[in-house]
């Protein structure tokens, strides 16, 4: 089963690479997405998945992430054909192939329990994404791709060093050397502290780069700004979640070791730092796609903050990974539509989106309100849970800073978003051919509905899954 | 019951006489023998028989002004004890109704003035409402003192001259209150030194300039109402400075009337010996009145 | 039973705007449907609430419908329904095809949200309803988002309301940590440490203060009220800001054993808000901004009452609790009634003259007599003058404040007595301000063509005003009818000590008020009759206004609103700080000259905007770190790595 | 054979300085190529016995790091008909000095990380760390895209050196995966560089600072 999960998408990728017709090739993407979703469904509901003598395992956390990423990808893939139909001028062979390859690699990251293998998969994801960013072939997209690639690879290289350190920390204590997660978690108390310490820092910086935590986030605004909305959504919802999962793995090891306190401290620090950086850069932000990138930085910060706090906040963070991802889906896709309609993404030219795009415009606004934690919406529940956890654990100042930063980000984003959606569109904008079509808005609506529903009512099964994942992370074996 | 009728009778009949007495006093000071004491009555009767002129710009508001002014003064008169005799209408919080009735009258007389669309009357209205903004707190501080001293929330008991806390505690505050009330009385009834009821320079007037356009019965009602206001507020002041009583019911009435006429004389004297202040000083004096009564309160709260 | 009526009412309102979205062919059908639904919902809701006053219902864990909730629900339903009727003419779909549907949709949502907040007994549900209300209100404010100043007002409102939402996050998070549940109910004594209790108190004052527009949290209120369509302003000012008061009243009552300074600080805030609110109102040239600042003033009066009640609770003096809270609750009703009335009549003026600038109006009493009458009634009521409703609630608060002197056997907390004098000051200033507004808008001679050619509004607009005016008169004349309802509210406020509450009737002269009121009405009618008879019997002549011998008077020579308020303004120049721009004195033969004065908002324009500018400048300096240079980016990684390695 | 390891590591370190100090692109690339080959040799040495998979591993490393990748880089600069100088932001002397400082720091920091007994080559950790730092130095102080790729390679080499310590821990499969990834990464970077040179008629990344706040 584990094999199918990541091999099938790769198969589809090969198919897409081989497919001759530019017109029907895009339909392979939703096909692949659907198949993967079905497989995931089987894997999640069926008997526990494990293969390759414990290298590929589906534990509670990975079950959660896998389900989410698969859903995320499927919804985005529904959007892909219509989007590519808007860009007939350019070949989508590489684009489709890379999309599907990316899915396969993300799956591998999620189910890998061997840290080395996980590293390989993550690096592969990076490489698979690069061509997607370059889709527009404009100088700016070129620059974005270059930065993404170089900064990403450097970060990942550090992560590799960290992985090695981790392995060595066990050798050094004369233990059987291993990179298998479960063994390491059990050995954790015995691992040599200095090595573990260094390893954790390297891994945090490395995978933090991939996840886009400040100050390693610098590639993010460029990448998200230049990539098609579809890719942006996948990066912000899918890839970052994988990187987050990677960080979770190492946190799992550290929290059994004497380094736990240090790890928590660092995570809280980076979380608040990311939120602060986002706050600084969303103020007076002219480019609404870059604004989304900074919002993503902010929410990555919230995720690690929640993990650092622990307790109820861990549950909140896991939930926030999902709710934030879904909301980002709404925002990136609708932003993409607005970009197409005005062919500009600067608030100097874009205004009156609610009139120009009767569906995408309001959805963009709604997404903004949701992502900033206005009830009733998914992110509200998760952020509120994290806040409660923070206060429960006595981090009063952290809670205060958390709320203050949320407020600042709201002001910054609010100004930009309102400038986009309100007012009267320019004649030039009305003239462009783009119109809201069903295939282009239905995925967004689905994202929106899902995010909203999670805010009002969390399905029992999902709740259980989250609960198990949280307890699994907190060390209790479930 | 009969007392109530006496009260109403006095309230209706006596007010113009006060004006007469004031005018007479001033005349005597000036060495003239002046108009007859009952002159105000003749004026009122004459006005009520005259016809009226209405500006083309005016509406119902213009006609409502005098009516409301008189009605509120009448009702306010029912809340005040005359001498030792308790007021016909008295309940907890009637002093607030008392103050707010005059505010209602002010609202409509000022509106009526604005209704004419004349710059001068607008000026008068503006001054009227402006000064009362300072007079009102002063009045309420006085009420606070009286309420504290008499441990009651009704004018009748406030003014019945009995102070549970003892005269020693009461006296200093009462002096301050009396002074404050006197200033308020002069301002609210547009007397010298704050305003001159029979000046003829519109620019310097407060109350009179508001009623430039009223004529005939309307003007009569306004003057009657003004007189009544003076009388009623005078009655309050009288009880604060001289809470005497003479045992016998009718003697008390006599005492009260005598007191009122005495007050009128005092006002007359003040008007004769003092010159009219410049407009800009009026607020200063009102603030002073406020401070006096504030001290009155503080003395009690310490 | 009655809870289901309320729920049905809420649903009706929530759906009221929906049919209009689908009826496209005939513009009037959709709005009629909306109005019908709204009225139906309100009838249901009001009946349910009235019933609930006598038998409250508790549907833990979600909904609580007790006396306090009912008292706040009634004006919500009433004003909302009247507003939607008013909208039929004021914002007819035919005239506003582009935003009429949006307006009605969110109008329904706001009403539903408000009612939802009032009945929520669970913090999550509370926040849902709260945000539905807040966000829909945002869309109402930005109904005309093609105007720049409207967009600015909208952004300001959105930011401020989100601030209060975030404060609610903190509040309810701490609440959850303290109680271990999302259920909203009174905290048992000793459930939280004094420190936590204080934090909760401060948080809820800020959160609900923002919504209620209490100084200094009022910054969003004037522009939002001015920019919104008038029936929306009526709804926002009449009931939406009261939901902030609701939160304050409700949650404060749930915090165990409050120290005296809580009530004291509320009393102080209320006084501040009351005085400054009316002072700033004096400085306004925009009719709706003026009314908005009066909302701030009245919120202040309400909070004064609440503060008194809280002090009474700390010192355990039942009379103060009863008078203060009854006054506050009744003033919530009264302000809902007369402020809605004032906004609706102001809307009627704007509808026919297309301007909000007071100094361009004038003489409308001749052309719009009904509107003028209703505005006058509203003005008299809001100044707290007898015989209307405003007087009653203010009287309660006065009595309570006077009693803090220690009348009879009660303890004395004399500091509060000064608030009574301040309340008198507020009343006098309010009279001045409304004489100015009423005079400049409706009396005298028209100052512009638009005002000259004004016309009276139709039934759909005057009808709701008539209802509101009637309510003002009824409450003012027969307060003993509402007394028992307020008693229920007071009892619900302190469930722990229901026993031994002196009924309102024994503390406040309800009967006498109505005697005095009827006497006054009688006197007015009598004298009026005499006067009219006298006039009709005698010679009547019409002439121009006596202008003291001036040759050629023009409408511009009338006293304008600004000149009317000039002297009063000069007393408060230290807080108003008006920016005057005038061409000074001229030579012997003066030519054209101009005078313009503008009053900034103390908190918003002189504190917050500069502060925000500093933040913006700071952040634009920091933008240097994202200068596009990849070498710099890579070096951040190294540096951060080294920092973390040296951390410990 | 372990006594051969330290000398080789010294060579590696020297090559770092060559890479830092060289002014011509060719020299830099050659230095990295040699370094890669040395790493291959190291693998063989590190693992005492010459089992099949170790041999394969070593050969793969030598082939990839020593031949293929350098080829690709030469190819890239051949297409790009422009001056072949390195164009540093920081002068050569300065960067050499910085490199020295970095190495020193690396040695110091390596002190804090205890090495298990019976491990070969006390130099491994310092060498690895200083190579990583050198890589960073190249990345942050050289303007040309290609030089940055070289920097990335050196960084990767540093990590690789550390890998010597745990040949057993890291399975063959993963090693291959790592190499493969490295290859693809360089490949993609090569493509991008090609595009850049076509777009901007220069491979200087100074041009690439359009996207900013």
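We call the chains A, B, C and D, going by the order they appear; numbering starts again at 1 in every chain.
FYI, a residue touches a chain if its C-beta (ideal position, glycine included) is under 8 Å from a C-beta of that chain, and two chains touch if they have at least 3 such contacts.
A quick note: this is a predicted structure, and the numbers were derived from the prediction, not measured.
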Steps needed, at minimum, to get from chain A to chain D via touching chains?
-> 1
Centre of all protein Cα atoms: which chain's centre is nearest to it?
-> C
Of all chain pairs, the one with the most contacts is B-C
Would you kindly tell me how far, in whole Å, the mean C-alpha position of chain C lies from that of chain B?
-> 35
Could you grab the centroid distance between chain A and chain C? Build each centroid from C-alpha atoms only and quote it in angstrom.
-> 44
Geometric centre distance via CA averages, chain D-chain C, whole Å | 70
List the centre-to-centre spacing of chain A and chain B in whole Å, with centres computed as mean CA coordinates.
-> 78
Send over the residues of chain D in touch with two or more other chains.
-> 136, 139, 148, 205, 208-211, 213
Shared interface positions of chain C, touching two or more other chains = 623, 626, 628, 630, 634, 645
For chain A, residues contacting two or more additional chains | 146-147, 150, 154, 198, 221-222, 281
Using the contact rule from the top, write out all pairs of chains that touch.
-> A-C, A-D, B-C, C-D
Please give the residue numbers of chain A that touch chain D in the complex, ascending.
-> 114, 116-117, 119-120, 123-124, 126-127, 130-131, 134, 139-140, 142-147, 149-150, 153-154, 157, 160-161, 164-165, 167-168, 170-174, 177-179, 192, 194-195, 198, 221-222, 225-226, 281
Mind listing the chain C positions that touch chain B in their complex?
-> 362-363, 365-366, 369, 372, 376, 379-380, 383-386, 391, 394-395, 398-399, 402-403, 405-408, 412, 414-415, 417-418, 420-425, 427-429, 431-432, 434-436, 438-440, 442-445, 507-509, 512-513, 515-516, 519-520, 523-524, 527-528, 531-532, 534-535, 538-548, 553, 555, 557-559, 563-568, 571
So, in the complex, the side of chain A touching chain C is made of residues 146-147, 150-151, 154-155, 158, 197-198, 201-202, 204-205, 209, 215-216, 218-219, 221-222, 262, 266, 280-281, 283-284, 354, 369, 372-376, 380-381, 383-384, 387-388, 391-392, 399-400, 403, 406-408, 410-411, 414-415, 418, 422-424, 456
Complex interface listing, chain D residues touching chain C | 89, 109, 136, 139-141, 143, 148, 205, 208-213
Which chain B residues qualify as touching chain C in the complex?
-> 48-57, 59-61, 63-64, 66-68, 70-72, 74-75, 78, 89, 91-94, 96-97, 99-101, 103-104, 106-107, 110-111, 114-123, 125-127, 129-130, 132-133, 135-137, 139-141, 143-144, 147-148, 151-153, 202, 212-213, 216-218, 221, 283, 294, 297, 300-301
